[in-house]
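Okay, so chain A shows up in both of these, paired with chain B first and chain C after.
Showing the complex of A and B:
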């Protein structure tokens, strides 16, 4: 029973993220939008570019989807609603999402097209910028919870959510998460205005469905990680647990997708400079601050 | 649930996703064939074959960042087990890792002073 509820709510959340994504990018709320575009893409022809690296071209989108789904597997929606409560959940989340980079490079290299290639290499630069800012804030979350299990992490926030306990870590993780899910203004690999879709450029038909689905699950997984690590997961004043998870997750996804669009797309070199000159010192300071805080005021 | 069962579930998730993808591909194939036309399968370069080859060596302009990234990434491997036992160990853990992080941070500052943190 609970596994059925879990699968249904994950599908619902993914669909919700897709609706929000279309809403913020076209400014029209169409509840049937993702369904219609899926059906349309299903009827579109599947073009395999000539001279393509067939293996990389095929594996790229599938790997993106699998990596995003695996990272979602350690995210609890409610105490019983989790795919696997790994003892090393927070670490597994990182490990699974490391494959996003591999998938993007494969998808960029595969079709032998210039736009995809540039998009893929750009994302490699982007990874060097965001990766440390994802892992370092998670360490401080684990320091407070004394565990890497995501359920323990949520339980540790019963007194005070981590967004209030370590606001600096929240901000760093939010921006790094946005860069990891390549939502605007960090959408360098798929930069629609300048690269004609970048990594997505050569994908059509059913392969594009997989690619977009993978991206939606990735956005969902990043926003639910933000909720679990910083916004108290399923904790809420009244009502059922899962509804609080759902409201928070969709809220964070909407915030990420709509807020980022207000900013101009950031160049990869600028992103690297900001992340290493400001982000990493701040993340190290955050580790030290939370370290003192955990010993002095253990809430 | 034992650890082995948990990893079996994750493996099942992977296989299930592959199944979903393959069945979608089969569905798309079942819908019908498309006409083969010349020039349809050219990568997007304004309707022409790309002038220059794409699979060539690129100048990665973030090499120095990448080297620093390696150092920091190794450090993170030590940070996770440390973070779990941090509260138990208390001040000793803070000092131990503080020294380690301070050395790394000095390395970052040194790299910065040698203009490692800019586009090469």
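Showing the complex of A and C:
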């Protein structure tokens, strides 16, 4: 039963993210939008560019989807409603999403086109910027919960959500998460105005469906992680636990997708400079602050 | 059907997909979205979404004016669009070398909406068909020749077997047979990033070939008499022919003889060949060596040798002016070289002899679809100057010019929004542009508060100034006469353009009306005349010579012609994204460049 609920909520939430994504990019709410787009792409010719690296071209999008799905395995929707409650859940989440980089470079390299390739390598630069800022805030979340298990992390926020307990960590993780899911303004690898679609540029038909699906699941996964780590997961005043998880996850996804549209796409150099000169010192300060808080005010 | 997907027996699902395709239209506009805006077409309102490239598009929307160069580029883009796809032609009839359009319509918003409705029906019925025709863009056609995998010197026009070893000959492309030596390395890939965005003859080094780093030497070199082959693990094994090592079975790798060193220097740079480096550090030649990968490649400004790729951007690139051809040589993601071209330029030579002054005005106006009234005014002024006539309604004419300047700056803002991913600015600027063009005096005055509010909003966009601050610094004493800014960067030019909108509004208000631009009666006047007009992009100058009321010669100097020269210094050693923003910041119109 619980696996059925998990799969149903995965499909529902992914569809929800896709609806929000289309809404913020076209300013029109079309509930059937993602379904129509999927049907269109299903009927579209699957073009294999000449001289493509067939293996990389085919595997890239699939790997993106798998990595995003794997990371969702440690996200609890409610107590007991989780694919696997690993003792190292928070670490696993990070490890699974490391493959997003591999997927992006493969998908960029595979079709043998300049835009895709530059997009793929740009994402490598992006990883250098965000990677530390994903791990370091997770450290402080785990410090408070005294565990890496995602269930324990949610339970540790029963008195006070982490967004209030460690707001600095939340902000850093939010930005790093957005960069990881390459949503605007961090959409350097798939920028339309700079790379005509970048990594996505050569994909059509079913392969593009998989790529876009992978991206939606990735956005879902990052917003779920934000909810679990900082917004108290399933904790809510009334009603079923899973509904709170769902509402918060879609809310965070909407916030990420719409907020980013108001900012110009960041420059690669600026992203790296801010991450390392500002982000990492702040993340270290956050570790110190939370360390003190955990000792002095153990809520 | 050139646009349908082949399916012998389309079923219910195909019908559903066809309907979905009709409801999810991604359009690639030829010449570009600016032309749609300038023509008063609201694509979003008609239910079309802009595609980021040919692969993303299922509709090719053709708008006038279309020259041969543009149609050729469009045919390449169409060849790369995945089926099911369709062509919609508004206000144009002859679109060869493209196949017949699926829908023809008139050039108006009503015509667009009607065409989109027919298009929906078209996709619902014809997305899948059992009689499908293939379309090959003439510009993409390449000559196939056959060669032996073991004996590269064996080349034949027909498939067959090698006279030396009997192996089957394999096909390879040689590009269109233009007779130009550099065309030998042209690779016509179907990848949209390479060919779709540029006429194939512009692709000298296909990125595709270089980025995959197969690191093969050019064909000519592989048959080089001085080439020897050696095993990467056993340097003592040397052979005159490629093959495998008798000791370990590995493929033998080509080695250049010492006497060849000189031929590898590139311009002022030179580098040491593999073998001399190996001797220096005492390594086996070729073992774990990266030298071969970068052999023969030029050096970056930081001294590192990297593979350079030449990437075409345009003429339909989303972040650049439509019809503008840009070819960037990238060293990593830094621009090492930039060359520009126009797919739609003007011609000011009067090929068919002297023409009537009135016709000349119409002609020049028609050649500049992005600033028709501006150039109409320029032509009128120059001709009137030559005839020594003065116009009485100069104020009203300036107001018309100001109206077109506002529209032009708003189109530029739309493009900026598209380039930087600022959807809000892109949409709002496009909407305001549509309201401004064709508006009368009262309507413009009514729009003033909305425009002012929009200008404030753009100025207050978080991080926008910061994003543009570091980009687009013009070299000192450069020939820039576009909107004058205090800061010499893209941010400064953004502010200058926004201020230009405010000033133009004030000018219209002061004039109190908007006037028509009509050529004064010049009779059989003769003489020389010169005039200049402040366009949205800078100063445009025109010199005409009249004889008997006819224009016998004309010389046009446009701001874009001068500003094109700034592209190279603006982009030199800039990161790709910054380079594109910098180019967009000087707002070049390819229509203002010479053919």
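Keep this in mind: the second predicted complex is superposed on the first by the 299 of 299 C-alpha atoms of A that agree within 3 Å, B and C clash if a C-alpha of one lies under 4 Å from a C-alpha of the other, contacts with A are read in each partner's own complex, and residues count from 1 in each chain.
The rule we apply is simple: contacts are C-beta pairs under 8 Å (C-beta built on N, C-alpha and C of every residue); 3 or more make two chains touch, one makes a residue touch a chain.
Everything quoted here is computed from the prediction, not taken from an experiment.
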- request: Could you tell me if A:266 is touching chain B, chain C, both of them or neither one (first, second, both, neither)?
  value: second
Task: Determine, under the contact definition given at the top, whether A:280 touches first (chain B), second (chain C), both, or neither.
output: first
- request: Name the contact category of A:39: first (chain B only), second (chain C only), both, or neither.
  value: second
Query: Of the two partner chains, chain B (first) and chain C (second), which one does A:205 touch, if any: first, second, both, or neither?
result: both
Message: After the superposition on A, what does A:252 contact: first (chain B), second (chain C), both or neither?
response: neither
Query: Which holds for A:85: it touches chain B only (first), chain C only (second), both, or neither?
result: first
- request: Scan A:153 for contacts with chain B and chain C and give back first, second, both or neither.
  value: neither
First (chain B), second (chain C), both or neither touched by A:25: second
Field: Touching partner for A:115 - first (chain B), second (chain C), both, neither
entry: both
- request: Please identify the positions on chain A that touch both chain B and chain C, taking each partner from its own complex.
  value: 42-43, 45-47, 49-50, 109, 111-117, 121, 196-197, 201-202, 205, 268-269
Task: Provide the residue numbers of chain A that touch chain B in the complex, in ascending order.
output: 42-43, 45-50, 62, 65-66, 69-70, 73, 83-87, 91, 109, 111-117, 121, 124-125, 128-129, 131-132, 135-136, 139-140, 142-143, 146-148, 196-197, 201-202, 205-206, 209-210, 268-269, 272-273, 276-277, 280-281, 284, 287-288, 291-292, 294-295, 298
- prompt: So in the complex, which bits of chain A are touching chain C?
  reply: 24-27, 33, 35-37, 39-40, 42-47, 49-53, 109, 111-118, 121-122, 184-185, 187-188, 191-197, 200-205, 261-270
Statement: Listed in rising order, chain B residues that touch chain A in their complex are 1, 3, 6-7, 9-10, 13-14, 17-18, 21, 24-25, 27-28, 31, 34, 40-45, 50, 52, 54-55, 58, 60-62, 65-66, 68-69, 72-73, 76, 79-80, 83-88, 90-91, 94, 97-98, 101, 104-105, 108, 112, 117-119
Task: Flag every residue of chain C that touches chain A in the complex, lowest number first.
output: 5, 14, 16-18, 20-21, 23-24, 44, 49, 52-53, 55-56, 58, 80, 82-84, 127-128, 187, 189-194, 197, 207-209, 211-212, 309, 311, 317-319, 330, 333, 418-424, 427, 461-464, 466-468, 470-471, 575-578, 580
